[in-house]
Each structure stands twice: as structure tokens, then as C-alpha cells.
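Common to both upcoming complexes is subunit A, partnered first by subunit B, then by subunit C.
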Partner chain A sequence: MVSRAERAPHPMRESGMFTAGLRHRVGRFLLIGIPLAILVIWTTLPILWAVLSSLKESLEIYESNTLLPANPNLDGYRTVLAMRGFDSWLFNSFLVTVVATIVPLVLSIFAAYGFARYAFRFRHILLLLYLVPRIIPRVSLIVPLNSLMSDLGLINTYWVLFITYTASAIPLSTWILVGFFAAIPKEIEESATMDGANMWHRLRRVILPIAWPGVVTAAVLCIREAWNEFAFVLALINETSMRTLPYQLYMLKDSMGVQDYAVYNAFTVLTVLPLLVVYLLLERRVVESIVSGAVK
Partner chain B sequence: MGIKKLFGLALTGAMLSGAMAFGFAVQPAGAQERSIKVWFGRENFIPDDRFETFNAEYPDIKVDFEVIRLEDVNAQLILAMRSGNAPDIVQIHSRDVEQLAINKVVKDFTAGIEEFKTRFPETYGQLAPLTWEGASDSKGNLYGAALFAQSIYLTYRTDWLAEVGIEPPLKTTDRVLEAARKIAALDGDRLGFSLIGCCHSTVWELPLFLSMGGQVVDGVPQIDSEAGIEWISFYQTLLNDGSAHADTPSWDSGQMRAAFIGERAGMMNEGEHIYVEVHKQMPYGDGKWAFEALPTRPGQTEPQVQSGFAFPFIVTSANEDEEAALLVIEYLARPAFAKQVAIRYQPTTNAAVAEDPEYLAAKPWAGDIVPIASNLISLPTHPTRVIQIYDVLKELRSAMVANPGADPAGIAAEFQTKLNDAAGI
Partner chain C sequence: MSTPLVELHELRKSFGPLEVLHGIELAIEQHAFVVLVGPSGCGKSTLLRMIAGLESVTSGTIVMDGRVVNRVPAKDRGIAMVFQSYALYPHMTVRENLSFSLEMAKTPRDVKQERIESAAGILYLDALLERFPAQLSGGQRQRVAMGRALVREPELFLFDEPLSNLDAKLRVEMRAEIKALHQRLRSTTIYVTHDQVEAMTMADLVVVMNDGRIEQLGPPLELYDRPATVFVADFLGSPAMNLIAGTVAESEAGPVIDAGDDLTLPLSPGSAVRPGAEVVYGLRPEHLRIGDGPAGLAATVSLVEPAGFETHLHADVGGQVVRVISTERLDAVPGDSIALVPDTARVHLFDSRTGARL
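Up next, the complex of A and B:
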């Protein structure tokens, strides 16, 4: 039988535990809480600023430093939605984003599987060469690309955007997927082979389900790249109906008049919104996949 | 929605887009045999009817038009030339005409303009000399027509000037500085003068330099001169006196304009097109604001020069149908269409518009501008090194407003060397 004195925690020990717990909590707050709060403010404040500015009156942004609009209104959004061609720009952005996500993703899955699973000569150099288009500044590619696409007669077509966006996304997605595929133990594939699975089945039934978070991550980055791309569309498209949303956002900048920042920010918000929705949707899937993988 | 469904939808979208790109959804070719492509520098320059009247008058000519920002047009034009998608007519800054002509990007359209004169004498007769000056090179070759042009005027709050006991016109820079100082001293919320500090070309500052007796020799502003030093000193004094906002070095044109329109600044140097916005906030008829020619130096012996700059429509070397180009230029020059642009945006060089009752009703200040704008000269430019020279002038503007305490003579000497280097002298 344990005596009461033995069961009760020693006052000194209890006080020490409390101090240690407090120190732990303070430490956690300082090391994690504060940086996290700064990060959240850092990332959300510009979006919040854009949203609130889009609700302001046209000159208000110049006159007041306050974040909140004095007389919130949706005039900026009405102006943007009434713009001649807004539906075309939205459609163009959607179209090139869909193509420049699906195509690079499919090609990258095969490429990454090859790089991750097959040992062949110059594999590492080839993988490194995949990065070259992303190392070279995009602006320096504009003139040769314009020249090439002109020769092919593709300027001002969807093809020019499909090709350049896809080419730009493939290295990114391949590199991401190589890492995910290489991390999958070979034994799992070997077991599948023993059960009679061919390469296609192994990739489809074994590798892809396990590496699904990687595929979704690559997809999210491809979507972001294509949706926000600006330099190529500026150089390769000059017809109004073929423009994408970022191009048109740039066109709103008017140095010869008084910049209407409410409209400018309303356009920004409407440009970012679809991306934000897709991003949040897919981000949840990534987290779910990672968590379920961890439990298994 | 499941992720597989989402990808399924996306895949269907990709297939559809592929089909479209392959040409399944291509529109049938038009019935018109001739076509002409026009690039406007701003949406605001496009006629309200979007060439409907033109199409009715010339049904065999199809007009395609796009908006390519004036800031990007030179680079875009060269890329479009290379790709075979160049426009027939392009709107550019007048300062770039000669450089593009030397590079054979634009076409000598002198003969076309001669034909304009013969075929459309009425429209031709309405166009002011700046129409041709703003679209020609130093040899007098014409490349199109500058149908819209503007100048910079000293713009001020008359009610505030009255408050500080100063009666316009101000005429000289010392009076402008005095007025700015007194307005700023009225209360902490008011600025004497609203200035640009960054981000744009120096078309706001160069006209003042010329007005103050500054000279431009072979396209190079001679800032290391009495006029140049006083010009630099003028901007520095506005900052030193606290007449301009302390954040001026980061102010762009929007901030400068908004300070005046938002009734926070007493003066600014600005073009007439911005008066449309000022008028919305403070109706001109109320007499709260007015304008005059840019000021001169006190005791200046050189004549006051009021300079302007145009946004000409230029025929490019890609054009193969000169008659169609001529017809489009004539169409844009007509008072009915030039007036639309002039009412909402930039003033036109079609003199007939200046007397139009609708125009005068929309821009009640227009009649007061005529005497100042009647002798506009085109802002001098360098034939081949204009971009480099403007880059140096931008840097100079930053130096003037960011270093108000620096010796203006020192700044003038330093930047004259840079300007000469930029011009290859």
C-alpha cells in the first residue's frame, strides 16, 4: 500500500515540472508561434490589402493610409466583369492552364519513372540537363522563342502557349516526381512483379497511388506556373482575344491617366481567386494523402 | 468532387482545347478582300463605333485592331515584324518616330499624306501643323499623322493662391516656389506642389526645362547651363522648402495627380487630359483651379517655349495596302471621331474639334488652352539614342528629388557627361 505522502507529488518537484512546462510552452511559442504568425501575416496581408483596396473608391487609395475602405463598394468588380473580353481572357487562362498541367504531368510521370527506376548511361547528367530551361532567365528565352514560333507560324495561337508552358512545366514536375518515385522501396515493385504485374501495371497500380501526394504537388505547381505566366504570353501573343488574365492585368497599368487601383485590385482578386480555390482543394488532398500514407 | 473526377474534367477540357487548337472551331474566312491591322496605344484612343462606320463606307476593307501599350509598343512591334504579324498602322510616342524610321520599321508615307491632302482636303485643312511634326523625322519625311498630342501646363488651385495672397498668373519659377511655400505653410495637410519622383519618362520635366530657357542641341538637353542648373534647383527647392511631399522620390504619376485631384496639393505640372479627372472632382466652372503656360526663369532672356508631344499613328513597313492605311488615318482624323477621344482623353490636333460646342461643353477649359497651345513645338528628340537619353534623364530626375541638398551645378555637370555618353558624343 502506498502512503499518502508517497502518492502526493513533492511540492518542489511539482513546481519544477510546472516551470519546465511553462518554459517549454514559452519556448514553443517563441520558436514556432511567433515565426508562424509572422509568416501568416506576411502571406495573407498582401491578399487582404488587395481585397480591401478593391472595395475602395478610385482615389481613396491615394488619399488614405487606412486598410479599411471608407465606403466599401463593388464598383471595381462591376467594371472588371463588364470589360469587353474578360470572359475570353478567363477562358484562355483556364484553357492553357488545363493543357499545361495535364500534358506535362503525364509526360513527367513517365520521365520520372524512367529516371527513378532505370539505371542508364548519363542518367544524372540528363536529369541535370532537364533543369537547364529553368536555370536560364525566362526573359532571355523570349527572342529565340519568338523567332522559332514565328518560323513555325504559331504566334498568336493557343499552340504557342501550350508548347511553351508545357515545356516550362515538364522539368519542374519531373524533378518533383523523381524524388517521390525514388523514395518508394523497390521491394514493393518487386512484389508486384512476382504477382505478374508488367511495367504499366506497376506504374499505374503501385507507384502512382503511393506517390499520389507528389503527383498532386506537381499538379498544383504546374497550375500555378501556367495560370500566372506572363513573360511568354507577353512576347508571343499580341491579339486582345488571345490574352490571358495576367497579361490583361498588366494592360490595366496606365501611366497616362490616373491609375484606378480599385479596378486594378478587383482584377487581381478575380485573377487569383480561381487559383486559390484550386490550390486549397488540392492542398487538402495532398495533406490527406500524406497523413493516410503515414498511418499505413 | 473527387480528385479523379476533377482530373477527368480537366482531361476533357484539354481534349476540347486540343480540338479547338487544331482548327475545328476556326471561324470561316470573312468576305472582305482587303484587311488592315491597327495597334492603338490605349483603349481610350479607339473610336466609339469601333470602325463600324468605316466598314459601312469601305465594305471591302476589314479593320482589325488591338491595344498595345505605348510603353511596350516598340519592342512588340519589332517582335511582330519578325513574326509576320506586324500591324499596318501603329500608335507610338512621337519621340520614337525617327529611330524606327532609321531601323526601317516604319514606312515613308510622305506620298500617302500628299494623297490625303488631295483626296480629303477638308479633313486635311483641319489638322494643325503638330499633326505632321509629330509624325516626321528630322528630314521632314512623313510616316503617318499625329492626331493626338498634349502639352504640360502649370496647374494650380486659384482659391488657395488667393488664400495666400498671390494672384495668378505666376509666370516665373520664383513666384511658383513662393506660392508653393506659402500654401504648404497654411496647414500640415496641404502640399504646395505635387511632383513625380520615379517610374516614368521625363516628359513632365523636359517641357519645364525648355520653358526655362533650356536648350536641346542635336537631341541632347544641355543641362550643364544656367537654365539647367536653375531647373534642377527648382525641384530641389520644392523639396527643401517642404512644399513637395517628403515621399516624392517614390511617387509615380498617379500619386502626383491624385494629390492634386484629391485636394491635397496646390499645384502640379500636368497635361490637359488629366483635367477630365480634375473636373469631375472640382468642376472647372467653380473657378477653384486654373492653368497657365509653364513658368520661365526670373529675368529670362530666352523666349518661353511651350513644348508638346504627340502619339502619332504611323504606317509600318509591313503595310502593303497604302490606300487602306490612308483611309484609316483619314477616318481617325475626322472631327467626329477625334472629338470622342479628345473629350474622354487626349486632346486632338484636329483644330475643328476645338470649336465644337459638344467638345467645349465637355471640356469647358478647352477655350482657355487654345492661346497657350497655339504655338506648341514638338519636344526635341535624338534620332537614334532617344531611349538611352531618356534613361539618363530618368536617373537625373531621381537625383534631383532624392538629393535636394546636393549642389545643383554638380548634378548638372555629372549628368551632362552621362547624357553626352548616352548620345555617343
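Up next, the complex of A and C:
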């Protein structure tokens, strides 16, 4: 039988263990905690600054350097919401984002499935060519696109935004989905084939649910891309009522003479807010899918 | 005799310029349990996948129930298949996994329910129906994979190395369960494995494949007792058959095999072999006895493996390592000199050039 005295750890050993534990904790803090804190500050500070500035009075930003507003108020937001055309800009942004998310996603799902599952000639080269639109600087596309769309009579229409946004989003979402689809063991799909599923059933009932985190990731990127897009809308739209929120945000600067940073930041916050909500909602769905999917 | 359920005629498969199956001829009767066995790369899985419809046929025909099915898509062949990795749908519960094929076939709800419950009962899955595959053990996943095949009540079951991912104990248990299931349902089964013990214990008909060809087919014990080639002799049986190359020579007692290094292997007196012929002498480890006296082949023990019921012995005989199985408890240790007595009535002789049985 072991006596209590024998069982008690040696004082020297105990202090050694304590030092080792402390070293481990300090090391973890230095390696993970500090970089994480820097990253959080780096990403949230500009948003925080914008939110706080949007609550300041019109000229307060020129008068004091403090971060917190002296008299927090919602005047900036009232001004923005009262702007003539705000609801059209919001609607335009919403519409093009919905179309430029759903259409590229549907097309990418089929394209990615083909790339991931079927061996055909020039497959790799085609997949590489898919990336070309992302490699070419967007600015360099503006002039030819403007000229092309003018010839087609599409300038100042939703179609021009649907087409350009969709074309721009497809390569990215296809590449993401190819990776996710290819990672699904081929046997699972063969098993569905043996179970009597045709290609459509396999894709809808087996592949897509398993690759759901990938679909959501691609969707989030499409949404972000369309919602924040600026270069194309600037080049292809010149009617005020057809502007999107980022475009109007840019125009706000010129139209206000002396910069009203409270209004400017309120507009920014209202522009970012829907995206933030979508991010938070979908991020949770991605995590849920990854956990419940549990692909070996 | 009934018409075979599956017939393969001159079946060939090529991947580009590489031909992997060279004219397979095989007929599988209704209710049979056929095991395709062979080493990795022999073409057994490719053959199974061709029967399933997952691989195209380069030439030849696959006939099922009297109908050529070469161009019939896999989903329309009415075959159920169990994959090596189980290939369960990870996002579906066990119940949904079982019901998927029935949904595809638009089976009425009550029939679906009945079949799922019946399969779950047979395979002890009742308590697991609401779980996801990730929440199951390897053996349970294997059962779900079988259940998924079972609910369809197919004419033909295909198993592609279904036990390879299980540990040794579970493999033995599942082997017995699959065989019991077959005896109960009497459904025609084609089972692929590289494990000759699985082939021997489960099959009605063993098809030994090598390098894209059928080396020999027949009931398990027939193949074990009368292997048609050196390859089959070597492949079936654990430990493997002792195979020693030599030349037929004459002695006073009749023909013997001269294996070089003063090693002379006895044959039964009536053996009809031509003196001077180059042969491979085959003898299963259980057909070598440790002699009581000096009579027999002089050997030196090199390794002793007590396996409980039997003891496996490796011995050096004239520079050749031979394996011996004894059901007696042996107290031999490496380095001991012993005499080995072959059971000459059980000797297998093969042509050393063609490998064919003489």
C-alpha cells in the first residue's frame, strides 16, 4: 500500500512542473494570443472607427481627435436614409448581388462537377483558362467592356451588371467547388449509382449536401464580390437611379463639398451591415455543415 | 441444370494500350457464392466493377439472366454492391442510407418501411437507425453498407473487399455473418478478396485470378487439394505450400526428385513421371511429419512459431527452407536436427516451365 507521504509529489518536482506549465502558457500566449490580438485589432479597428465616427456630429471629426463621439447621435444615419434614391441604390445592390450569386453558383456547380468527376481532353488547360479573368487586372477590362456593352446597347441596364458580375464570379466559385467535389470519395458516388441514382440525383442528393461547406464558401465569396463591386458599375452605369451602394458611396464624396464624415461613415456602415449579417449567418452554417457532415 | 445468372464471355478490359483482363470466361449459377481471389493488380476488382456496370467493357459480353447488359447503365442492372470503404452517405442517418435506393426506385412508403425494418433486424441495426455514419464503429458501418444492399432485394450482390478495413477479430466475425446471411437469403453473390482464407471459408466456387486471367476455378477444397498450377498451389493455403524445383531421377525405390545439394525428395512408387523432367515439387506444410528416428530428410530447425492448436516450424533442408505444421506440442528449438518425412501420396508435381500440374 502506498502511504500518503509517498504519494505526495516531491516539492522540487512540483515546482519543476509548475515552471514547465507556466512556460507552456507563456509560449502559447506569445505564439497564438498576441498575433491573434493584433489580427483582431487590425480588422475590427477600422470598422469600429467608422461606427463611432458615424455617431459624431457633422464637424466633430475636424475638431477633436478622440475616438469616442462627444454627443453620440444618429443624425448621419437619418441623413443617409432620407437621401433621395437610397432605396433604389439599396435595391440595385441587393438585386445584382442575388443574381450574381445564384447564377454563378448554379453554373459553377455544374462546371465544377464536370471538372472534378469527368476525365476529358484539355481538362487541366481549361481549368487554368478559367482563371484568366481573375489574373487580368479588372481596370484593364473596363474600356473594352464599356465599348462592347455600348455596342450591345446594355449600358445603364441591370443586364450589364448581371453579365459582368456573373462572369467575374464564376471562375472563383468553380475553382473552390472543384476542390470540394474532387475531395468526395468516388466510391460514394458509385454507391449512389448502384442505388439507382442518375447524375442529377447524385449531384443533388449526395454531392451537394456533402460539399455544402464549399457551396456556402463559394456563395459568401460571390455575395461579397457582387456587393462590393465598384470598377464595373462605375464604367458601365451612369444613371443615378441605377447606382449601387459602393458607387454612391464614392459619389457621396464629390457631392457633399465639405466632407460630412458622420454621413459618410453612416453610409459606409449601412453598406457593410447587410454583408456582415450574411457573413455571420453563413459562417455558422458552414461550421454546422462541417461538423454534421463528418466526411471521413 | 438451371441457366446461369451471370455469364461472362471472352471479356476483355483495356486502359489505353494496357490490357488488364484477357478474355475471361465464367458462368455463375443462381444462389452461388462465388469468390474472386488473387493478388493485388490481378484484375479481380476491375472484373467486379465491369459486372456492376461501373467500368465499360472493352470487348466480350456480360450476360445477366439471358440478356446482354454491356450497355445497360449500372443503375438499371438491379445489382447491389458493398464497397471496401463502405461508401456510406455521411450526411444521411442510417435510416436514410438504407432508404436511399428505395426512394430512387419510388418504392411505396409502407414497403420501404417494411424493408428497412427487416434489413435492420437481420443486421442488428435497429438501435442505430437515427445515427450518422460518423457515429458508428467500423463493424457497424460495414453492416449498414450490407443493409443498404439488402433492402433492394437484388438478384445479385457484389462485395468488393468488404472486410479489408476491419481488424482481424471483427473480420472473422463479419465473415461468418456474411456467409450465414447468404445461407439464409440464398442470393447470388460475387465476392472479391485478396485474402485466400476468406475465399476458402466463404465460397461455393473459388475463382483464382492472376495477371488478368482465371488461373483455376472450382470448389475451395478441390482447389486446395488439386491446384492446377504452381500459382494456385502457392496462393491457396496458409502457410503456403513448400515448392522446391528439381529434376526427376530414378532410384532403386522408384522415381525421386533430385533437388540439388544432395537433397533427394521421395515420390510415391507409382508416380508416372519421365526421368530427366524439370519439375516443381510441392508439398503442403501439414503433409510433412517430424520423424521419430533418423529416416527421412535431414533438416535443421530455423524457426518455431507456436500458434496454440498447432505449431509452425521452419526448417532448413539441403539449403531450402521448408514449412511444417504439426498439431503436436513440439519442444524443438532453432538449431535442432530433425528428420522430416513427406507424405508421398500428397505430393504435387508441376511442370517447371509452364507451371501446370503434371
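The rule we apply is simple: the second predicted complex is superposed on the first by the 289 of 296 C-alpha atoms of A that agree within 3 Å, B and C clash if a C-alpha of one lies under 4 Å from a C-alpha of the other, contacts with A are read in each partner's own complex, and residues count from 1 in each chain.
Convention: a contact is a pair of C-beta atoms (placed from the backbone, for glycine too) under 8 Å apart; a residue touches a chain by one contact, two chains touch by 3 or more.
Worth saying up front: this structure is predicted, and the values here are computed from it rather than measured.
When both complexes are overlaid on subunit A, subunit B and subunit C end up sitting side by side without clashing. In the superposed model, B is the one of subunit B and subunit C that contacts more residues of subunit A. Looking at the shared chain after the overlay, A:L68 reaches neither subunit B nor subunit C.
Touch criterion not met for A:L280: it reaches neither subunit B nor subunit C. In the superposition on chain A, A:V216 makes contact with subunit B only, while subunit C stays out of contact range. After overlaying the two complexes on the shared chain, residue contacts for A:E187 are found with subunit C alone; subunit B is out of touch. Looking at the shared chain after the overlay, A:A82 reaches neither subunit B nor subunit C. Residue contacts after overlaying the shared chain place A:H201 against subunit C, while subunit B stays out of touching range. Taking the C-alpha centre of subunit A as the apex, the lines running to the C-alpha centres of subunit B and subunit C meet at 160 degrees, rounded to a multiple of 10. Between subunit B and subunit C, the smallest C-alpha to C-alpha distance in the superposed model amounts to 16 Å. Residues of subunit A that touch subunit B in their complex: 59, 62-63, 94-95, 98-99, 101-103, 143, 146-147, 149-150, 153, 155-159, 162, 216, 234-235, 238-240, 251, 253-259, 261, 281-282, 285.
In the complex of the two chains, the subunit B residues touching subunit A come out as 3, 6-7, 10-11, 13-14, 17-18, 20-21, 39, 42, 44, 66-72, 76, 79-80, 82-85, 199-200, 252-255, 257-259, 261-262, 264, 273-274, 277, 281, 345-346.
On the side of subunit A, the complex with subunit C involves touching residues 185, 187-188, 190-198, 201, 205-206, 209-210, 212, 292-296. On the subunit C side of its complex with subunit A, the touching residues are 52-54, 73-76, 79-81, 83-85, 87-91, 100-101, 104-105, 132-134, 148, 152.
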